[in-house]
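Next come two complexes built around subunit A: one with subunit B, the other with subunit C.
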Partner chain A sequence: MSENVNKYIKRKVYKKTSSRIAQKFVDAGLQEIRACINCGTCTGSCPSGRRTAYRTRSAIRRALTGDESVLKDIDIWLCSTCYYCYERCPRNIPVTDMIIKLRNIAVEEGYILDSHFVLANNIFYATGHGVPATGENNKKWRDLRESYGLPPLPPTVHSYPEAVKECQELMKAVGFKKLMDNAAKLKEERAKAEKKDKEE
Partner chain B sequence: MSEDYKWHYGFFLGCVIPNRYPMIEASIRSVFDHLGAEMLDLPGASCCPAPGVFRAFHIPTWLVIAARNISIAEEIGVNPITGCNGCYGTLRDAWYELEHEYELKKEVNEYLAKIGRTYKGNLEPKHVVQALYLDMGLDHLKDYIKFTFSDLKIAVHYGCHIVKPSDKRPWDGEYEVPRFLDEIVELTGAKSVDYKDKYMCCGAGGAVRTAVKEVAADFTREKLMNIREVGADIIINCCPFCHLQLDLGQVEVNNFYADIIGEPFNIPVIYITQLLGVAFGMDPNLLGLIKNHELTGVSPFISIDPFLNIIKNQLI
Partner chain C sequence: MTEAKKELEKVKKEIVVTGNEKPQVGVYVCDCGINIAGVVSVPDLVKYAETLPDVAVAREYKFFCSDTGQNIIKEDIQSGLINRVVVAACSPRMHEPTFRLVCKEAGLNQFLFEQANIREHSTWVHMKDPEGAFEAAKDLIKMSVAKARELKPLEVKTVSIEPACLIIGGGIAGMNSALDLATEGYKVYLVERTPTIGGHMAQLDKTFPTMDCSACILTPRMVDVARNENIELLTYSEVVEVTGYVGNFEATIMKKPHYVDQEACTGCGVCVDYCPVVTGNEFDLGLATRKAIYIPFPQAVPGKYTIDMDNCIKCGICAREDVCEPDAIRYDEEPEYMKVKVGTIIIATGWDLYDPTGLKQYGYGRYPNVIDGLQMERLLSSTGPLDGKPTRPSDLKAPHSIAFLQCVGSRNFREGGNQYCSRVCCMYATKQARQYKEKHPDADVYIFYMDVRAFGKGYEEFYESAGKNYGINYIRGRIAEVSEGEDHSIIIRAEDTLLQEPMELKVDMFVLSCGLESRSDAGEVASLVRVQRSSDGFFMEAHPKLRPVDTLTEGIFIAGVAQGPKDIPDSVAQAKGAASSAATLMAKGEVEMEPFFAVVRPDRCIGCGMCVENCTYGAIELIDDRHFGKIASINQALCKGCGACSGNCRCSAIDIFGFTGEQIFSIIMGGEL
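Up next, the complex of A and B:
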């Protein structure tokens, strides 16, 4: 992407938003959504939008106009990544991938649900599995494995403690740990501010 | 690698298969062995990491951990294979990205160097169903069929990431109405019944289940109603997360939406290799179909007895 095009996107498209967020949208490669003609094929294909207030087209539109609210509300987390919009968009926008990128920016800004935070920080980072079988609570799953003639723990990170360390080392190096710590901090600050607002 | 086998794969287990639905692991191992395919372990493999969850939190983490997982298979010299659509999505999309972006691959390898690993990218990640259909082929599978189930009506559920994004999948761009899983199912003589929005998502993916369980369950409710409408006896699928959502999620649908679904649902959910195994005349104990324990609160949450009843004459 040439310098000029970058300037154009920021000036024309992200004019009204804070340049910090606009820069993030540009850096993430979200300029592809400039090809959007607002046709609604994505929304029309979306199994999530059929039962929730999530509208794919609107999320794309808000990202395009640099509307920060798209990062804050839960909508983008209701996409099940079924890829129908990605397949059917007549402008060839990889819509689902754009939603994923928006989620990345949301997490960076501290907009991550509690349940997702626990999953990322306390489960995935700690064990190397997203759904682990270790710990007292999970004994029944180890027993279940054995009942089918399998060893109680699979030959994954669960059987190789040094592999968990490898994953953690990678996650630290690539910035995952920092991202999570930062998200936790931002969440806490926001919660405090909200509480204060309520009290006043 | 053993020369007794015609095919060799590195079995990438993921999380849900080994840690929540071990009957699926048992059935994949047994059926592949039976068909002449060796399943080698990938020691120390981690979560893929899940494409709609961890990739949605941080793309670079997703890519680096996925590359590490693939590198374990490369070390052994076999294609990684998974029975999970989510793991397939991750391994395949990461592989595709790294194949097409040299700079990215270089960067990923700089990280992997820190733990003494390298990602080469010469081995395509595969799905269990892809191996059955494209590597072995229907003719090979047909040779093993001992029993057929002409009374059995099956609702086939593909899930999303086995076919989409279609530009990164091996099905010649077909994503609207794929047939490969139906064709495998039909080898067993069972009827794959058509139902409304057959290719719709189960609702669990993309971190939705963890975000709002009721929303995920509402996808599932719609699917289950459409499946019941056509009188299917069982659901066949090829993904443990869909499997969980259709099985455990069925209980949730019965709770959350009791007022709109009428009768509670109790449709057995069976993984494709479990069905194939019975048709091959294999011991149902090897296929994770027989309960040998007194544990409570474990899978399957919806009884599979109605399925075992239909096929009881063929069970050893």
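Up next, the complex of A and C:
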């Protein structure tokens, strides 16, 4: 079908949404979030939610209705992206994508777990590895490699330290570094404000 | 006759057009509120129209379909200003009849009218491109004026209507339509595919919200249908071909062989005791068995036996003299075909239950204690396989806890699901839950729902008392998945969305409240009778609000769930509506046909006979004319105006009235012929 014809057949999407978070979903083309009828299939299907306090439907509902506390809720990081909810949603909402988008928004606004931040900002940025093979803790892996006659470090940026710079350039180019710096700044500001609140 | 009427008659006579005088076209450009005027400048269109050849007057008005708008056109006709009318407005689908009537009332032949669709074909589709829309509207008006100049007066053709109706489907809807029409004195052919009438309603135990016994209110109607002398009941039959048009349909009906002489069979049932073949019973949805020679259920109408040849082993026992005393068994029976002539057709083919096998997470077909709503109905029925005792399939013991899941297959936007709400499931599950409580008061009954839609008369009260008086637990949440526990129990996982917590529940039996679907062969029926279906698969009504029982094919009506999911009272109401619409048409005795049929120009025809071969309707034959020799001749009663002959005529000797060569070419050339 020609694009011209398609333009008329495609139903108009009214983008304005009352909740600030939901607006970010709609602007990113994920207006499906507004089709949710709160049937609970996602929560009922969730293997993570069976063991933790993560509630898929509630997280999406809070995003949709503008409950901003959902961004700092650590439960949204407990989704294992198994895609059960995605496969069963009767409204055909890509639920897992919604949770991932929710996490993206949280990080943009500086809500990132300390462990994630350290991993992403410090370790990944500095070494080019999520799980670096250098350091005291990983000595046994290096020994293991050697026992098989391999060089102790794999042929990655570990073996080519000059490539770390290239990795960092890449991360800057895609905006990763900026995202992390912004998150760090927002985190710090919030910590200061909290401290001030406490003192008062 | 009053003075005014006399005056009108005089005026009428003065403006009669023969078609030979110089055309004077009146162009009426409609604002259609803002539908047209909001996109293009109507005054500019009027100015443009005035420049076209033979245009005597061009006018603008807000709504030409209104009384005032119509009068503007009438006055112009009656004052002798114009003798051709072009209305540039909406689609002719709705208002062509309106404006034809305007011409007729003003005394002008109604076929001297032409409509330019500048709404659907211009301002609606090009609303984001006003300049382009303006150019398109100009062209459309130019083409219509060009055609209008070539229009000739025509006379409408009337055909008589056969006072008989063919009803396809013998469920509660088809039966009600049949009884109404038969009582009004029309001949009715009621065609039913299975060996008995009654449809799905016969399978139900009770009906909500009054808890009437379904069979008790249905079977008297079935008997009425069988006894009515105006109704020719054709069970175990199928319509295989429909030809013709409104008022004069001809249907071919195949009577499938029963292999039992239906006249001779007394319905004594001795054969059943002797038949050695045991097979699944469709009526009880596989929960019980039947023999190869059977009647679907005890109250079946007609109560005569049928042999299921797919399973019969032709052992010959039932044909033995000591088994079948009336000697009714006919192993060599062949299908019979009969042709009937009817004026109208009502489609009441009903529905199929959604098959939940595809929804693997619910375990239907895998776990014995997961059943669908219709199977539950049979289990609860006192005429069912277990006489309505509380039982579950795995061990035939009474389940102490039952869970129902709503919206199975319905309100599901995934592939394989139905997007619509099936309307009846909320109430049938509530009814079954209450019935189960009555039979087993200690049982725990749960209904998992997304919304409860208790929309009908008495339904909300019925739902309220299900909670208050029966203690049925309604849990808001759609079940995510089930697994089987010990002793074939069912473990349910869901979220209680009102508590916002996931839950696990073990029940003894699990019922899927499946939705209603269009018949799996609805597409074949649609092409057989030439009606349209909507995207959900059900037959499409002519207008969703104002013509809910008509189809876009004149003379064909729809009733019951064939049109869309509905409960019994709504099905009956629609069936009565369809019968009334059919009767309205037939009571007139004749119907007007548009005179758009083919005509031969004898001076051009060379009698080659090409058109005779091309005509699908057999409307053309070659004759010997006294003046022109061998030429084609067209039977206007048979001609449908399809144009196959005209397009293929090498001498341009055949015209279609309303679409003559001159008219079509003048449209193409925009009047510059």
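Everything below uses one rule, namely that the second predicted complex is superposed on the first by the 167 of 200 C-alpha atoms of A that agree within 3 Å, B and C clash if a C-alpha of one lies under 4 Å from a C-alpha of the other, contacts with A are read in each partner's own complex, and residues count from 1 in each chain.
The definition used in the following text is that contacts are C-beta pairs under 8 Å (C-beta built on N, C-alpha and C of every residue); 3 or more make two chains touch, one makes a residue touch a chain.
Predicted model, so just to flag it, every value in this text is computed and none were measured.
Once both complexes are superposed on subunit A, the partners subunit B and subunit C fit side by side without clashing. In the superposition on chain A, A:58 makes contact with subunit C only, not with subunit B. Contacts of A:90 after superposition on the shared chain: subunit C is touched, whereas subunit B is not.
The larger set of touched subunit A residues comes from B, when the choice is between subunit B and subunit C.
Look at A:116: by the touch rule set out above, it reaches subunit B but stays clear of subunit C. In the overlay built on the shared chain, the residue A:43 is in contact with subunit C alone; subunit B does not reach it.
Contacts of A:135 after superposition on the shared chain: neither subunit B nor subunit C is touched.
In the composite built from the two structures, the nearest CA pair linking subunit B and subunit C is 9 Å apart. Where the contact sets of subunit A with subunit B and with subunit C meet, they give residues 50, 84. Residues 47-48, 50-52, 74, 77-84, 86-87, 94, 96, 100-101, 103-104, 107, 112-113, 115-116, 119-120, 124, 128-133, 138, 140-141, 143-145, 147-150, 154-160, 162-164, 166-167, 169-171, 173-176, 179 of subunit A are the ones that touch subunit B when the two sit in their complex. Chain contact summary for the complex, subunit A toward subunit C: residues 8, 35, 37-46, 49-50, 55, 57-58, 84, 88-92.
Partner subunit A is touched in their complex by these residues of subunit B: 13, 15-16, 18-20, 22-23, 25-26, 41-47, 49-61, 64-65, 68, 111-112, 114-115, 117, 160-161, 164-166, 175, 200-201, 203-208, 210-212, 215-216, 218-219, 222, 285-286, 288, 291-293, 295-299.
Interface of subunit C with subunit A (complex): residues 125, 361, 407, 411-414, 417, 450-451, 476-481, 493-497, 500-503.
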